[in-house]
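Per-chain numbering from 1; labels A, B, C and D assigned in written order.
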Amino acid sequence: GGCGTIAEVRVLVLNTGGTIGMVPQSEGLAPEANKLAGALKKIPILHDAEYAKETNLYSRLGVGEDTLVLPRSKQNKIIIYTILELSPLLDSSNMTPAEWDKIARQIEINYEKYNGFVILHGTDTMAYTASALSFMCENLGKTIVLTGSQVPIYELRNDGRANLLGALLFAGQFIIPEVCLYFYNELYRGNRVTKVNADSFSAFSSPNLPPLAKTDVDIKINWETVWRANTTKKFVIHTDVNSNVGLLRIFPGITAAVVKAFLQSPIEGVVLETYGIGNAPNNCPELLQELKNATDRGVLILNCTQCLQGTVSLVYATGKTLMDAGVIPGADMTPEAALAKLSYVLSKPGTLDEKRKMLNENLRGEITVVPVGTQITLKDS
Amino acid sequence: GGCGTIAEVRVLVLNTGGTIGMVPQSEGLAPEANKLAGALKKIPILHDAEYAKETNLYSRLGVGEDTLVLPRSKQNKIIIYTILELSPLLDSSNMTPAEWDKIARQIEINYEKYNGFVILHGTDTMAYTASALSFMCENLGKTIVLTGSQVPIYELRNDGRANLLGALLFAGQFIIPEVCLYFYNELYRGNRVTKVNADSFSAFSSPNLPPLAKTDVDIKINWETVWRANTTKKFVIHTDVNSNVGLLRIFPGITAAVVKAFLQSPIEGVVLETYGIGNAPNNCPELLQELKNATDRGVLILNCTQCLQGTVSLVYATGKTLMDAGVIPGADMTPEAALAKLSYVLSKPGTLDEKRKMLNENLRGEITVVPVGTQITLKDS
Amino acid sequence: GGCGTIAEVRVLVLNTGGTIGMVPQSEGLAPEANKLAGALKKIPILHDAEYAKETNLYSRLGVGEDTLVLPRSKQNKIIIYTILELSPLLDSSNMTPAEWDKIARQIEINYEKYNGFVILHGTDTMAYTASALSFMCENLGKTIVLTGSQVPIYELRNDGRANLLGALLFAGQFIIPEVCLYFYNELYRGNRVTKVNADSFSAFSSPNLPPLAKTDVDIKINWETVWRANTTKKFVIHTDVNSNVGLLRIFPGITAAVVKAFLQSPIEGVVLETYGIGNAPNNCPELLQELKNATDRGVLILNCTQCLQGTVSLVYATGKTLMDAGVIPGADMTPEAALAKLSYVLSKPGTLDEKRKMLNENLRGEITVVPVGTQITLKDS
Amino acid sequence: GGCGTIAEVRVLVLNTGGTIGMVPQSEGLAPEANKLAGALKKIPILHDAEYAKETNLYSRLGVGEDTLVLPRSKQNKIIIYTILELSPLLDSSNMTPAEWDKIARQIEINYEKYNGFVILHGTDTMAYTASALSFMCENLGKTIVLTGSQVPIYELRNDGRANLLGALLFAGQFIIPEVCLYFYNELYRGNRVTKVNADSFSAFSSPNLPPLAKTDVDIKINWETVWRANTTKKFVIHTDVNSNVGLLRIFPGITAAVVKAFLQSPIEGVVLETYGIGNAPNNCPELLQELKNATDRGVLILNCTQCLQGTVSLVYATGKTLMDAGVIPGADMTPEAALAKLSYVLSKPGTLDEKRKMLNENLRGEITVVPVGTQITLKDS
């Protein structure tokens, strides 16, 4: 395997659970431990048994049965991937910050050993986990791709095979130093996505940022959108993010009592899902007073729109009333990213003012800081 | 105007406020009373002054300066519309069930006098109001269209003129016996829409039902989707809907304490925005217990997905745990429609069981009741 | 295999060539004979070797190595498919009416023996062949699906596996009595498609008719669009279609000389690709005279738009000048369908007037005959 | 008008005819001379009569009744536009290279006097004219925007007002030194568009290049896509382009006789619309010989795909047979752009080899010259 060996790359696949590896049980679908690697080995596009045998892969690399190898790619890479399962495997509905820590620690432990990382995860909370990991991974220099599927890999028609294959090709072949999410032929920035469709293979959308890449007949990467880490610091993970955060959506008729109840201790951070470009009722002084009481005692409240797409302006006077109550405009962050950012920022050292400032800064590409003024001609650019 | 008179139809335009009629004030845009009719008169596509004069419209019909007339349409109709303003004009962020009542009462008062109705409304809560009115209008036999705009009608480039014109053409020329919402060339069922874009003329989406109609070079109505009222009962409005309702979105790490706080009295109905096809954490007994405590004491909890699109199944065992806690599957209702339906159902007479049953019934086309089984050939249909 | 046997269905896969089965050769990709069945047998989603063995499939049915079996489908069907190769395998650029005849004859020979038919075909001329077969198959009562791929089934990332699997599921499980085309998750009416993208998996579009079906997590068939054959006649194929037909696209500056040269004998039918809704220069009498000369001597000229989407009206006066020259309005037929229809109609018995009439009739769902007048309310429908 | 005067800009609107200004006549819609300016003056969003009066516009600038003024724009510009009509006004079906010359000459005559240019044109051949003008305008340094409409500006619902307004805003406020086409909220590079829909306001598409700009609530210009003229040469027009060109579309069964007839003298250039990525029948020696005969005698044949989207590769061996016959790969040029480029190149001085080379060069952004190799990481870019 002389020539072949040269082009080999290693990817760690962290299996956290989710539909992709689920099998029918008496109570519906459920994940089954230690089954995935064996199943993938039977799928020719996901394991090249011949190559493994001819190149003595297992003895040569000292790896076990949880390691597989993709057939040679169009870019002439041999991607060798090792599946590491979280125990227990989880339905993503049950994900919490404690599981985010477990995932991040596995990335940290294996960071130097692998070229890239794939995280298998249920779709239900994948956008939340991707957002959280994007903040928890500081000074990231390798590609991390979350993926999963709407239909288990064991069914006749399923999206799991293609999603896993694509994720492996990105993690193994390209340096996109972000926590990404790959689904149905598109690679997104992880903290920009939201699950938009419960019933379709096309489950995710990145409403305020174009995809980082698309896979079609060819793989097309939008390098201008890929995050440019302007740091040479060492990769490190930040764990133990703050859990005292929540999402509160404004609706017609919402009362001061509901707001007060939601904001009560131990809540330290809230994403307020407002109308349109950041609006809330401004003719209900009791309600605004409850928000002000909370921000006065140090609760961080981020104003995000309940619209799928759009921006809560940092510049204009819209939502002036909310800003007077101490609410921070969240620009074009998704609720998922905003919630994760609150958890992260609240757990970092610093004064309240420093934390408020961090929430408006672009830490991981999760927010668009809009330039002011109109460009009239190319010369201005 | 002999011939012309024959084809005349009357539309009531109820102006509740919103961006469409806003003018710049010191504190940003704000609605200004008694200004819209005068402004519209200067726009030739929205007022045919010549026709009004030639046919002695004002003296002939005994109408005042708040009545305008569209130029003759392609369908050869003369649409005469009268603008009636709510006082005060409202920013739609401040809409509450009390305003829904005021709107509904105006429809009732004027129901016989007009062929159709247009409601001008801010975009922020238009989907909520449209949903509420769809339930509050019982046995509706005329077309009601809500519309508005993202940019005031006074600006150079704006969407208000086209939205108003389209709404008038639908209300004046077609019998679509629904509370509709018209925006950016599409007519939607009002209780199916949600505002998806805070920054674009294309602000609304009807994720789980195709539009009722599209306006392009021609107006194309999808008659198969239009609601078939199978009743001959008299039109009546139902007001005083229940306000003790709320929206609660599930997120990773949500605690039983947050749920308990939100569900406390006087809350009587809650839309639970769950993951994917209706999932919530099922490994947190305290949280599930709080839900069960609430449903046991009669709180109605409707399970809707936080995904833009998709269905919380009525049939499959998904979200079984939530059903065991007394939570009602909400199928493909939007959160806006589900909230309005809870307000409506809670205010109707009946036992708790009857109300739970109503929530799963298709009252106004707001929910899709899915047939079981696979169709193999045309003969089955 | 008692129970299993009951649900077995048989599909014939006619492999005509095309990218799906191509392998790299010295001169680029080329089809290789007798290789496909063997390759497909190694792909678990396309062949269930265990089922074949357990149920003694080969001896039980008396079939050979060119027969494979899909894993049991969600609809509980076992689809057994037999691959029959045309010899030689063809690059679809080289398809001609002679090959259409060969394909149609194989359908006829095997019509009673199989439940449905899949035709593997190159993408370049698939829309032409689908159109031609739709006319050549008279009184069709079974499902015929053309498919292929943009990337060979032997490459790591390819669309061939999914396209073949989907085509088999439609042909084996549903009675859609049409010549269909399945590509990238959509099933189209074959005489409505055109290849719109040379570089993408999403290669086809049906611009003037919605897809017959979509495959996502579930298979959704739009039964209202499926062709209703109102006949009980026996299936028969019509071969030897007329080859003296051509496509001529109008462009600014086109001369009478070019038109005359193109229309010279032995041409008997021409699709004239005009501008917009059927327009051509009307200030060039020589050019119009050449068209009139041709129609006068019996050449059938069909007016289709060179726009991807739209209709050359049968009703309005547009293109009046062309009609005066004897040109027949082609409504919303694609150029591919119009060309195939000309070939078919020219080879059927009948007078010139009868043939002109057939061109405007809806023979296989290839043309939309638009009703006149506006529907105002549901009662009209 | 002190302050106002400072921000005034001048735009020339060249009215060539087309639907936008058509009025019903006995024989259907037809353009009417000297009517447009008067009609536009009555539309408030297209003429600010008050500003004209208050600032003594007509006497101050010495302009006549064919000059109008837009209301002040969001960018604080006052756009004064003068309508100059071609005589006679033309249905765009009748456009020929002679009319392209007339348009180009008007641009040249008025080039220094105006900040930008709008050309009103019928939609049928707008893509051809835009392509031709893009080549004919050498060293362009100002914005030229073609626009028109699907429905006359005199009808109640029409796209003419918005298209004209948008075109004026681009021509008057931004320096986009290209021949552009603006339609239905998108600004395209003129030589990249094709008319894709005969029946819809959304009539154009730019299949192989994203729009240069979009107008929504805000105007968003994609400056990275705007053409960077790397020249300081003086603007000059090139007229008298070669008319001996044509479009020939390949279809199954096309014969050598048809090809020979089409390629006969005086044809000097042909766009061959091939299948997919540039394929044609390669098993028909007579047909290939006819192509070779033509190229041998100096006919320039450009290979473009008949697919709406995609590329006829310059690099790979596809269509090798055609290249052996002397056919030139046309990459991702539209047929419209390729035809115009042939007309232009054939009329420029130079040897046949120099002309063949020009056809493959990127002269006006009409073709994508693809870089070779795969980018793996940001550092490569």
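For the reader, a short list of remarks on this structure follows.
One rule holds for everything that comes next: contacts are C-beta pairs under 8 Å (C-beta built on N, C-alpha and C of every residue); 3 or more make two chains touch, one makes a residue touch a chain.
What you are looking at is a predicted structure, and each value in this text was computed from that prediction instead of being measured.
The minimum number of touch steps linking chain B to chain C comes to 1.
For the pairs B-D and A-B, the larger set of C-beta contacts lies at A-B. Looking at which positions face the partner, chain A and chain C present mostly the same ones, since more than half of the interface numbers are shared. Centroids of chain A and chain B (each the mean of its C-alpha atoms) stand 34 Å apart. If you average the Cα atoms of chain B and of chain D, the two centres end up 43 Å apart. Among the residues of chain A, those touching two or more other chains are numbered 199-200. A complete topology is adopted by the chain contact network, contact being made between every pair of chains.
Residues 27-28, 91-97, 123-125, 128-129, 132, 195-200, 203, 205, 243, 245-247, 249, 251-255, 257-258, 261-262, 264, 266-267, 273, 275-284, 305-312, 316-318, 320, 335, 339, 343 of chain B are the ones that touch chain A when the two sit in their complex.
Interface of chain D with chain B (complex): residues 42-45, 70-74, 150-151, 155-157, 162, 165-166, 169, 199-202, 215-218. On the chain C side of its complex with chain B, the touching residues are 75, 173-176, 221, 223-224, 226, 228, 374-379, 381.
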